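I have placed the structure first, in the form of structure tokens, so that the comments after it can refer back to it.
Per-chain numbering from 1; labels A, B, C, D, E and F assigned in written order.
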Amino acid sequence: MTRAYFVTVALFVLAFSFAFASDPSPLQDFCVALKNSSDSAVFVNGKICKDPKLAKADDFYFGGLNIAGNTENIFGANFTPVTVDQIPGLNTLGISVARVDYAPNGQTPPHTHPRATEVIVVLEGTLYVGFITSNPDNRLFTKVLNKGDVFVNPIGLIHFAFNVGKTNAIAIAALSSQNPGLITIANTVFGSNPPINPDVLIKAFQLDRNVVEHLQKLF
Amino acid sequence: MTRAYFVTVALFVLAFSFAFASDPSPLQDFCVALKNSSDSAVFVNGKICKDPKLAKADDFYFGGLNIAGNTENIFGANFTPVTVDQIPGLNTLGISVARVDYAPNGQTPPHTHPRATEVIVVLEGTLYVGFITSNPDNRLFTKVLNKGDVFVNPIGLIHFAFNVGKTNAIAIAALSSQNPGLITIANTVFGSNPPINPDVLIKAFQLDRNVVEHLQKLF
Amino acid sequence: MTRAYFVTVALFVLAFSFAFASDPSPLQDFCVALKNSSDSAVFVNGKICKDPKLAKADDFYFGGLNIAGNTENIFGANFTPVTVDQIPGLNTLGISVARVDYAPNGQTPPHTHPRATEVIVVLEGTLYVGFITSNPDNRLFTKVLNKGDVFVNPIGLIHFAFNVGKTNAIAIAALSSQNPGLITIANTVFGSNPPINPDVLIKAFQLDRNVVEHLQKLF
Amino acid sequence: MTRAYFVTVALFVLAFSFAFASDPSPLQDFCVALKNSSDSAVFVNGKICKDPKLAKADDFYFGGLNIAGNTENIFGANFTPVTVDQIPGLNTLGISVARVDYAPNGQTPPHTHPRATEVIVVLEGTLYVGFITSNPDNRLFTKVLNKGDVFVNPIGLIHFAFNVGKTNAIAIAALSSQNPGLITIANTVFGSNPPINPDVLIKAFQLDRNVVEHLQKLF
Amino acid sequence: MTRAYFVTVALFVLAFSFAFASDPSPLQDFCVALKNSSDSAVFVNGKICKDPKLAKADDFYFGGLNIAGNTENIFGANFTPVTVDQIPGLNTLGISVARVDYAPNGQTPPHTHPRATEVIVVLEGTLYVGFITSNPDNRLFTKVLNKGDVFVNPIGLIHFAFNVGKTNAIAIAALSSQNPGLITIANTVFGSNPPINPDVLIKAFQLDRNVVEHLQKLF
Amino acid sequence: MTRAYFVTVALFVLAFSFAFASDPSPLQDFCVALKNSSDSAVFVNGKICKDPKLAKADDFYFGGLNIAGNTENIFGANFTPVTVDQIPGLNTLGISVARVDYAPNGQTPPHTHPRATEVIVVLEGTLYVGFITSNPDNRLFTKVLNKGDVFVNPIGLIHFAFNVGKTNAIAIAALSSQNPGLITIANTVFGSNPPINPDVLIKAFQLDRNVVEHLQKLF
């Protein structure tokens, strides 16, 4: 995971963080990630840690979640993650949070989190949210949420949120992993690097070749 | 865990819930807790579930976290948990959230969570927060938090929060367990049911017998 | 999870099973699932078990994986799962397998498994396979596999397989969960029950309303 | 965790080690901790290991648990831990043990273990032991133990042991983590480094300022 | 697991219990096993629990580990387990203990524990102990232990203990599972019920048919 | 685990891989093992990883499982493992596979896997397979498998497979760990390095001294 992992997603926005039930447990009080561990010579499951004697309160701190994200983008939304990349003290502790801003009609498009369940708390506005169960039922569970409402998106399931109110909406998300991961469906499938062979997508989505190629250029 | 588990704690307030890294992982999309499972004939690790075909969106929903809790109590604070007892859909998913309200000078007194790390997000006000590491160092890590600040209390460590501002404070907490548990130190040690033999506490806290007996009546 | 969970997916085909690293560990030699546990009065994380004294060798057995699945369907492929629904003795043991058949040009369309990593072994034919990493990189890793080749699709990531040979292809998949789950992207997003509000999909996939509505009818 | 972690606690005594249910599982036969890993340049969750080819029987050995600890201290007790710091071969294996000695009237004062359940076996003497459940019930479970008696203190709960016999007492403890951790309540709350703001403790324990300040000097 | 699981092993003796690193974590303060859960209508991973309101101190207690086991048997040793079958409060807590008695020349023959690491503490006597690593090295690690010595047998590896002193020996074992399991190699391979086809054992152990058939009668 | 871990076992053959339920979960999309990590200066639980930016499709690939192993050895069988040692991309993902070849009358002799459950799929031939439960019941579960049959060997239990057909047999195994481990009973007990004191084995297996010493030379 590069440092930039979530940081650059602000353009597309997305996922409410998630909290996964299965991060391995800590074996000491804390194991603060080395700030530049992604540039270090040693990689492990999670992050290597700094000398615990050098840990300080700021290693467990992040500021600025009161600041609205910029929603002037294609999805009209903005995601501000607070994972182990932002708070190194989260390493080994199995949880993270995030803030999501939505302009009117803004959305976090359908996505999954490979390593976390997500709990969202609506601070402002009105969101139409939902998740879909796996095959073969693919049941859709939806709810319209207002200020003070809480909703759960179980780990790994595709979910989304849409601002159906006339004002901006704000949500805080709790996620069950220090690094929940985010897979925005459309961007990942049509915007992978390099692109997937179009023949796969034409049959998978039952779309015309020119539509698929258009989408692959777009994302 | 009885349904009343956290519900009645509002008097004393407490802990920002926490999310522990080690809840067992789910073995299906979800396993919504039976509403009245605590009254059922069968108890398991966690909760028994309702028939998945009967699950509905409301099983993943909780409303009212926008409402301030009543802080007119001895600690000047109020804790509103949203765990598996409030959202049955959280069962098997390893995460929960909470809202904490603080009057000026209000506090969540020193406490631990036996099953969760906690991440707090300050929505309003100014909090002096801290946690203490285990023996033998017992290092205190503290920080003064303002609106938009985030702080981590690692699983199992004693921590607290004190409203040092002149206005009410509000925080949202994310916790790494569906049922993080809360152990308020003073209430637990001096207010257990039945009381601990005073001789234990006199020596443990190096207090006079009359002080210990006074505290045992108080809590 | 109903018994029909995977069984009916044969029409669309799909995923090579997966084996997830995080199923909870067993607490006894085995805990054979009750055959009709999905119809029982008690649901738990995983399955309730039969009396261990009644366990027999057939509880750990499944026959018929040598039989080719019917690939005469829209995707030209067929998925035969062998999970805890087929072998009740897999309960609590964290693993399952599957067979996948592909007609020429057949495919398992892009999908994820919320609870498992998948390892595929090609028995016959030639498959173009790949997976895509999460945001923001969305890197595509692909390989053309022939008889005797093995490939890994890490847990939760979107992946696919396409028969680029002129003959039928056969693969065996190992998955790291007793119940890995399967989320076929197109079917889930466009074919959920009930359908997602089209406005969400129009913006998410940047498609025309009539294309979205066409797809929602199709899947 | 520094090497000195538990070693210096002998003055205050403490916890019977504990065994926690959730240390991550081993991925090889063993992963013997580097003796001086706490001084190394690389820290991870748990300990980095020595080359497995260099492992020897002594890496799995500790001697001297037959020797009584010195109980001439304020609590009249002494704790001798045998964790991964004493036996490097315990790394990744999720268990440790300890010996506790008690002079008459000696005690291990109320404490928690953030990462372990503890099972104690009384070898000599008579101990009044107990643990307290979490909020809101704070139920006290107590028992007087004699030679050959065994008792369980569940992970994370506050517990204690008091020598109510007229002779020395000895106990062996098994704990469910390679590094269970120990949080002696009084020392941690009143003796943290640096001290907690007294205003927090005055309100939390409902004590006079001079009593709090006296305790903060004492511990 | 029947109640008799470990109880009847006294004849052969055996394993020092073990503590496994991977029992699933608890989701509440405790989940005391129903005493007669093995006779109940519902089986789960681990044990179903009694109503927590009915839990009492005796659920966390076992007495009599000071009593020597009867070593008048073929192996000259006796194993007294204290697992979840003896202490129902151990359910969900991932640890257990045991006492082992050895007459002079008595032994716990080579065995494995499928779900636990074992830590042994020698209380009396002199034991030659050892474990063997897995293929292909099969390295033997041995040590002669005296009073107060501690040794670790990593999870799943074959190990043994032999009383090489002239007096009785006593050991306490800690094991990392509530139900570690015990597989005495000779008894299991040659004494299974029903017996293994002798042709398998003749080739596997490179023994004459009459020796194999003799052993199959013996065990 | 040395690189040679499984590689050299071809002489004796052995275990069908296994899949263990409890490998710790991944904390990122993948963590590809450094090819020469066993020679590196840093060892951890599992393997240290390469820079994720340098990961490539070949890290998730292994070729050649279509090639029959050489069964001209004492057991008439051959085991070809595909674990994290063969596919570095399996690191942190909790699963592996293997191919096993059997000449007529060939066998994988009784063995255990300390870290994995195994699911076998028979591709060709006829195998008599079985596993034995732990003490005190030591129940034997057996089945004769033909092409397309699947069977489960639960983690840690002793199991075996014997080619009772007149032709070669081939099986694919899925195992629930990236490094399941393999303990061939006879080789480990009688062929350890250095040898176990014969007095232990004479009593454990109730064999004559000369038989034991013969076996120790043989293995």
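Keep in mind that, in the parts below, a contact is a pair of C-beta atoms (placed from the backbone, for glycine too) under 8 Å apart; a residue touches a chain by one contact, two chains touch by 3 or more.
Molecules present, by chain and UniProt name: A, B, C, D, E, F = Germin-like protein.
Keep in mind that what you see is a predicted model, and the values were worked out from it rather than measured.
Novice: Which neighbours do chain B (Germin-like protein) and chain D (Germin-like protein) have in common?
Specialist: The shared contacts of chain B (Germin-like protein) and chain D (Germin-like protein), listed by label, come to A, E.
Novice: Same or different for chain D (Germin-like protein) and chain E (Germin-like protein), when you check if over half of the residue numbers at their contact belong to both copies?
Specialist: Copies use mostly the same positions to touch.
Novice: Taking CA centroids for every chain, report which one is farthest away from chain E (Germin-like protein).
Specialist: The chain farthest from chain E (Germin-like protein), judged by C-alpha centres, is A.
Novice: Look at all chain centres (mean of CA atoms) and spot the one farthest from the centre of chain D (Germin-like protein).
Specialist: C
Novice: Averaged over CA atoms, how far is the centre of chain A (Germin-like protein) from the centre of chain F (Germin-like protein)? Could you give it in whole Å?
Specialist: Their C-alpha centroids are separated by 39 Å.
Novice: List the centre-to-centre spacing of chain E (Germin-like protein) and chain F (Germin-like protein) in whole Å, with centres computed as mean CA coordinates.
Specialist: Measuring from centre to centre gives 24 Å for this pair.
Novice: Residues touching two or more other chains, restricted to chain B (Germin-like protein): which are they?
Specialist: In chain B (Germin-like protein), the residues touching two or more other chains are 2, 20-26, 29, 42, 44, 46, 92, 114-115, 130, 134, 155-157, 181.
Novice: So that we know how the chains sit together, what is the shape of their touch graph: line, ring, star, complete or other?
Specialist: Shape of the chain contacts: other, as it matches none of the listed patterns.
Novice: Following the definition at the start, I'd like every touching pair of chains, please.
Specialist: Every pair of chains meeting the touch criterion: A-B, A-C, A-D, A-F, B-C, B-D, B-E, C-E, C-F, D-E, D-F, E-F.
Novice: Okay, in this complex, where on chain D (Germin-like protein) does chain B (Germin-like protein) touch?
Specialist: 2, 4-9, 12, 14, 21-22, 74-76, 105, 107, 109-110, 112-115, 128, 130, 132, 134-140, 155-158, 160, 162, 181-197, 199-201, 203-207, 211, 215, 218-219
Novice: What residues on chain C (Germin-like protein) touch chain B (Germin-like protein), complex-wise?
Specialist: 1-2, 20, 22-24, 42-47, 114-115, 177-179, 181
Novice: Report the residues of chain E (Germin-like protein) in contact with chain B (Germin-like protein) in the complex, numbered from low to high.
Specialist: 24-29, 31, 42, 44, 46, 48-53, 91-92
Novice: In the complex formed with chain E (Germin-like protein), which residues of chain D (Germin-like protein) make contact?
Specialist: 19-26, 29-30, 55-58, 60-67, 82, 87, 89-90, 92-97, 117, 119, 121, 123, 130-131, 133-134, 141-143, 145-155, 157, 172, 174-176
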